[in-house]
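Both complexes below contain chain A, partnered by chain B and then by chain C.
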Partner chain A sequence: MAEGGNGVTGWLTRTRGRGRLHWTDWFSYGYLAFGVLLMFGPVVWLLLSSFKTDSELQRFPPRLLPHAQETVTLEGHAKPLPLFEVTAGELAGETVAQVRRIGLSSQVVRLDDPGERIELSLDERTAVEAPALATANYTGLFERFDFLRYLWNSTFITVVATLIMLLVNSMAAFALSKYEFRGRATVLALVIGTLMIPQSVVLVPLFLITRELGLLDTLWGVIIPGAATPTGVFLLRQYMLSIPDEILDAARMDNASEWKIYWRIILPLSAPAIAVLAILAIMWRWNDFLWPLIALSRSENFTLQLALNSFQGEMQTEWSSLLAMTVLTLAPIALVFVFLQKYIATGIASTGGK
Partner chain B sequence: MTDGAPRRSVSLAVLTPLMSVIEWPMRRLQRHLGIRRLAWVFLAPNLLLFGLFAFLPVLLNVAYALTGGGNVLLENRPPVGAGNFVQLMDCESYLDPNSCDEDKFWRSVHNTVLFVTLQVGCMIGFALLTALVLNGPIRARGFFRSVFFFPVLLSPVVVALIWKWILQRNGVLNGVLGGAGFETHVWLLDAGWAFFWSVFISVWAHMGFYTLILLAGLQAIPRDVYEAARLDAASPWRTFRRITLPMLMPTMLVVLVLALIKGVQTFDEVYAFTGGGPGSATLLVIQYVYEVGFGGSPRLFGLAAAASVLVAFVLVVLTALQLWATRKNAHG
Partner chain C sequence: MARLELAGITKRFGSTEVIRGVDLDIPHGDFCVFVGPSGCGKSTLLRMISGLEGLSGGDIRIDGEVVNDVPAANRGLAMVFQSYALYPHMSVRQNLSFGLENLGTPRADIDLKVAETATMLQIEPLLDRRPRELSGGQRQRVAIGRAVVREPRVFLFDEPLSNLDAELRVEMRGEISRLHRRLGNTMIYVTHDQVEAMTMADRIAVLRDGRLEQYGRPLELYNRPANRFVAGFIGSPKMNFVEGTGDGDRLELDAGGRVPLPGRGFRSAAGQRVALGVRPNGFRPAGPDDWSVAATVREVEQLGDESYVYLQLADATPLTLHVAGQTRADIGSTLALTASADAMHLFLAASGESLREGLGQGDSEGDSEGESA
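This part shows the complex of A and B:
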């Protein structure tokens, strides 16, 4: 990726006009700023919202930052008491702590006189709040849902499917790039042919085949059908073609077996291409939805994506758990992105996605 | 591209036992078959997977499409000839889904055509604009490029939920609109708006991918062509029309066909976003296949397979176009 090696001077003079900003520069930066808002904004909003309490989530219009009601621990009261500001009546302007709520009224105490309980109507007070992160949404996930199971299912499928795909695809790519044999052109044509057959148009027969193999509603039923991708074969073959054949011949002189040549020489030398394919495969499998939706029916086999989707139907209003779960689902991909950005961009540009 | 030497050795340490176990039978095979025929051994697992999960399904798909009933086992399915196709295609007018026997299918076809047209059009338009801006003389290009790119990595369900949360009745969009004195909506319960937002989130999620490809295309245009245009004092618009656009055309063609292929297959994000609703306002054709085949009971595998065959036909035409465009691109 050409990044334009620009030093400090380049940074300062990178404008179209002579020193002054041309209108196209204004347009460019305006557009980019808008882009940052539109692309990052929704994710930031999700993140902020996931730290809000239930009542805060139902608040309209919503506030930007998560807030929580402040509490105070007073003498004679075991639990911390929520703080309120009185808006009307004798105590107007004062801050009080609520001891208990009774219907439309509440018993409160002054902070400096925790012994004396005062009746206060609910409409004569507002909660004292400050920005704070509520982590209950996240902890609730582990207590109330089988979150760890979905996480495990997703991880297992992603890791195993990626490993199988790398092994199988690199073997095929090795054969197609380093051997002259009759039928090679046919095989290459077949591989191209599979490009035309995405899973989404063969769902019914895939269902039957997976069922006949006894893999329906198992994690393997998601792993195996997804393991063969023409993209991987192409990507790796292209890279392996650039490895000189002389290396192989030298190894054969040393009496190395073909399998040894494959995994001791070709695989290590193809590491950059394999890394790119691995990242792509991890992304595809982690985000996979349609086939798992069909292949997995018991909720204990659900992946994170399926669990997310089914919960949004089941608990239409329970956004608190859903938001936290969404954040945790996108977190691994976000981390991969942060650390391996360059590989991803290169990989996707060179394979044309899936 | 760089590679981490330590990472390589770590992965080798994990692989070594496994690979050594395979080594022995492979050596035997090699002695038995000779080096050339060993290629087929290397190909075998991949070809087996392709055969089992790509080629066999294509044949079976046709078999399903020509049979009826609710049984999944082919031997128990009565042949109905072209019955499923007739049911799908039986229409007084293809422009009016209500006049069709299988009106849901045609509604999904209509929706998909409109969806793909809008989505691909908007997406390529914005991707081109973004690529042009990113290719311009700007600071922090790498950062901005990642900003537009990162939604590509999000899962469709996550994309759907992020936007559903923003668009919900008491969501932030209604909050902002209400605060500014505009009309608020229950966005996803209104057919027109639901469709608009489905297209929107789809463009939002996939635009970065096409931006990346177009940007690579732009960066491949030789600098001296622009230099010549500058010496001729050509206006920016003229430079764009006469140089950038024609030289970017091959890339644009590839991007267009790729976007069409993916657009036709759209399912995940719209399904998680609207569920095809309200009514069938955002029902796309893959969701139709899913619902007919797997969504309810009885499972109409025949009808689903027949619809798949029709979609596959469109995709084969598009993929042939893609291969042609890629080849044309590669040969200049």
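This part shows the complex of A and C:
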């Protein structure tokens, strides 16, 4: 590692060769660039496409940037008129505004003489387009769909489920790490053992229980079945083992009840592990699809993920809305990632889960 | 007032017995030190007194009231831990007030008591810091402060100074002694360091293998050790032991030499294997009329105002000699040593029991062979 330098720029432009690029530099940067393209390309494509109109999305070959036809407001015409460039005939090279289209021909006016209508064949003109954002995709979500309701459902489920999960898991982890009782090892083995059972296996029994409890098609029916996770219990327990018992003894000598020890000593000291688990839980819950799909049936209870799915109809798919909503659904979780990626890496490293 | 009585205390972990019947009576206001080698059960005993550890048998009484089943929080005791066990996420002030908050003390009283304690222990400037921003000595003070602020009936200290460096340890030793004089509470202090025990204690309880070997005032233990273990444990450098066989009123040393035994105050050693114990400062060069034993100088440590001479007898028994001032002993030379009758301690070689009258009988049925002199 030569050169180096300080700061991000120095780090990004670090090379093996001194002064010129070694072949490994080419290889490394090539590989990294390929990786960035592979990982980031689809996201960028999604973001750009979410601003394209439906006709733009159908266009072949596709264009990178979203475009829209330019318009002009002329005297004597109430609505803005779309602009065209004439490719053939006597007006070739001029820009005209289309008043209306009739069959295979269109009536256009010249910009400097809006009164005189000229007949043009359709193949004698091309649309004048410029990059523009079709924000209607987004505003439409709020006007035509109950986007805020889905957002609220998703947020409610994510926040409440995460809080309940943290509480339940940390209490279980406290008991499993700090109390000596008969059968502790067995309980722990059972908890960890459930890690090996795939969710799809318990789906049917879980559904039956949820139905018996009358929680089907309610938000609580999504929240409660996932309240205790073996991964969370295990992660927190391992962390709590590192808290010295003497601190707990000191708290006991200080007249603290066991609840107080948990609330005032154990929880604050486990904060790093709890932060990791909170982030993981938020990601799990926000992205969860299968269980909400089974548990929720009325559309007013849908989460964002389910609402997204409902855009994809059997007959037609409204791609522009779908893409816009996908972006909105991704945004919160992407923000979580951006700000907390350090903790996420720690969490994944310490649990092997994601 | 807090008088602490232990009656026939036992503790078993599974099938291992770690405390084997300890009886102790600690009067109010006493500074009692539990001392013993590591693994002797002294910390377990302290935790049993605190209530953090249950009893397998026996009774603990505070002021005559049996507290066996009273939880730690309600015994009115406070403990200072070896690792300090400060709450890392709380400031010093919160550390001090946590216990009082749990007792439901009014906020104004808490603030007052915390301020008083902080002044007494000189930790006022540290009140808003976190434990990790403190040095070892400061943490120790805070840990003591956390115990003091609750005004407990009995203070329990679990090797509180073992994580400090030597200089700080001496300083804190003095500070804890002053604190005891000032507060006048009963204090129980666990250590493996006999110097700490000797310098701080009103009474010392020497423990080994879960048994109480001897309990008494420091100088009583030093001058009249009940058995060879206590004799070897109390005093630094440790007492020298020379083995021999009793022959009438004399002792035939294995290394050669006949020692006239002090008759008064000792039971007869006739016909028994006996260990003669002499402290390093009990030996002196033999005069023409004295009994003597020949020892070869192996090592000399000159400290200026005092010296230590390490010698070996003919049967390879090592001896340590403490000489005031400087010595001219050469390595390899042979010295003729003697000791006066009042410097002598006699122990049965097999049981380690002291032959001194009024001591030793039945006090220790434990075996002392493991103890090498």
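By our rule, the second predicted complex is superposed on the first by the 324 of 354 C-alpha atoms of A that agree within 3 Å, B and C clash if a C-alpha of one lies under 4 Å from a C-alpha of the other, contacts with A are read in each partner's own complex, and residues count from 1 in each chain.
Throughout what follows, contacts are C-beta pairs under 8 Å (C-beta built on N, C-alpha and C of every residue); 3 or more make two chains touch, one makes a residue touch a chain.
Predicted model, so just to flag it, every value in this text is computed and none were measured.
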Contacts of A:233 with chain B and chain C, given as first, second, both or neither: first
Touched partner set for A:247, first chain B, second chain C, both or neither: second
First, second, both or neither for A:260, with chain B first and chain C second: both
Chain B versus chain C as contact partner of A:319, first or second or both or neither: first
Touching partner for A:153 - first (chain B), second (chain C), both, neither: neither
First, second, both or neither for A:268, with chain B first and chain C second: both
First, second, both or neither for A:211, with chain B first and chain C second: first
Chain A residues touched - chain C or chain B, whichever exceeds: B
Doubly contacted chain A residues - partners chain C and chain B: 257, 260, 268, 271
Chain B-touching residues of chain A, taken from the complex the two chains share: 1-4, 6, 11, 14-16, 24-25, 27-29, 31-32, 35-36, 38-40, 42-43, 45-46, 49, 58-62, 167-169, 171-172, 174-176, 179-181, 184, 187, 190-198, 200-209, 211, 224-225, 227-228, 230, 233, 257-260, 262-263, 267-268, 271-272, 275-276, 283, 286-287, 289-290, 293-294, 305, 308-309, 312-313, 319, 322-323, 326, 329-330, 333-334, 336-337, 341, 343-346, 348-349, 352-353
Chain A partner contacts - residues on chain B that touch it in the complex: 1-3, 8, 12, 15, 19, 22-23, 26-27, 30, 35-40, 42-43, 45-47, 49-50, 52-61, 63-64, 72-74, 129-130, 133, 136-139, 141-142, 144-158, 161-166, 168, 170-172, 174-176, 178-179, 204, 208-209, 212-213, 216, 219, 236, 254, 258, 262, 265, 267-268, 271-272, 275, 286, 289-290, 293-294, 301, 304-305, 308-309, 311-312, 315-316, 319-320, 323
In the complex, chain C residues that touch chain A: 47, 50, 52, 71-74, 77-79, 81-83, 85-89, 98-99, 102-103, 146, 150
Chain C partner contacts - residues on chain A that touch it in the complex: 244, 246-247, 249-257, 260, 264-265, 268-269, 271
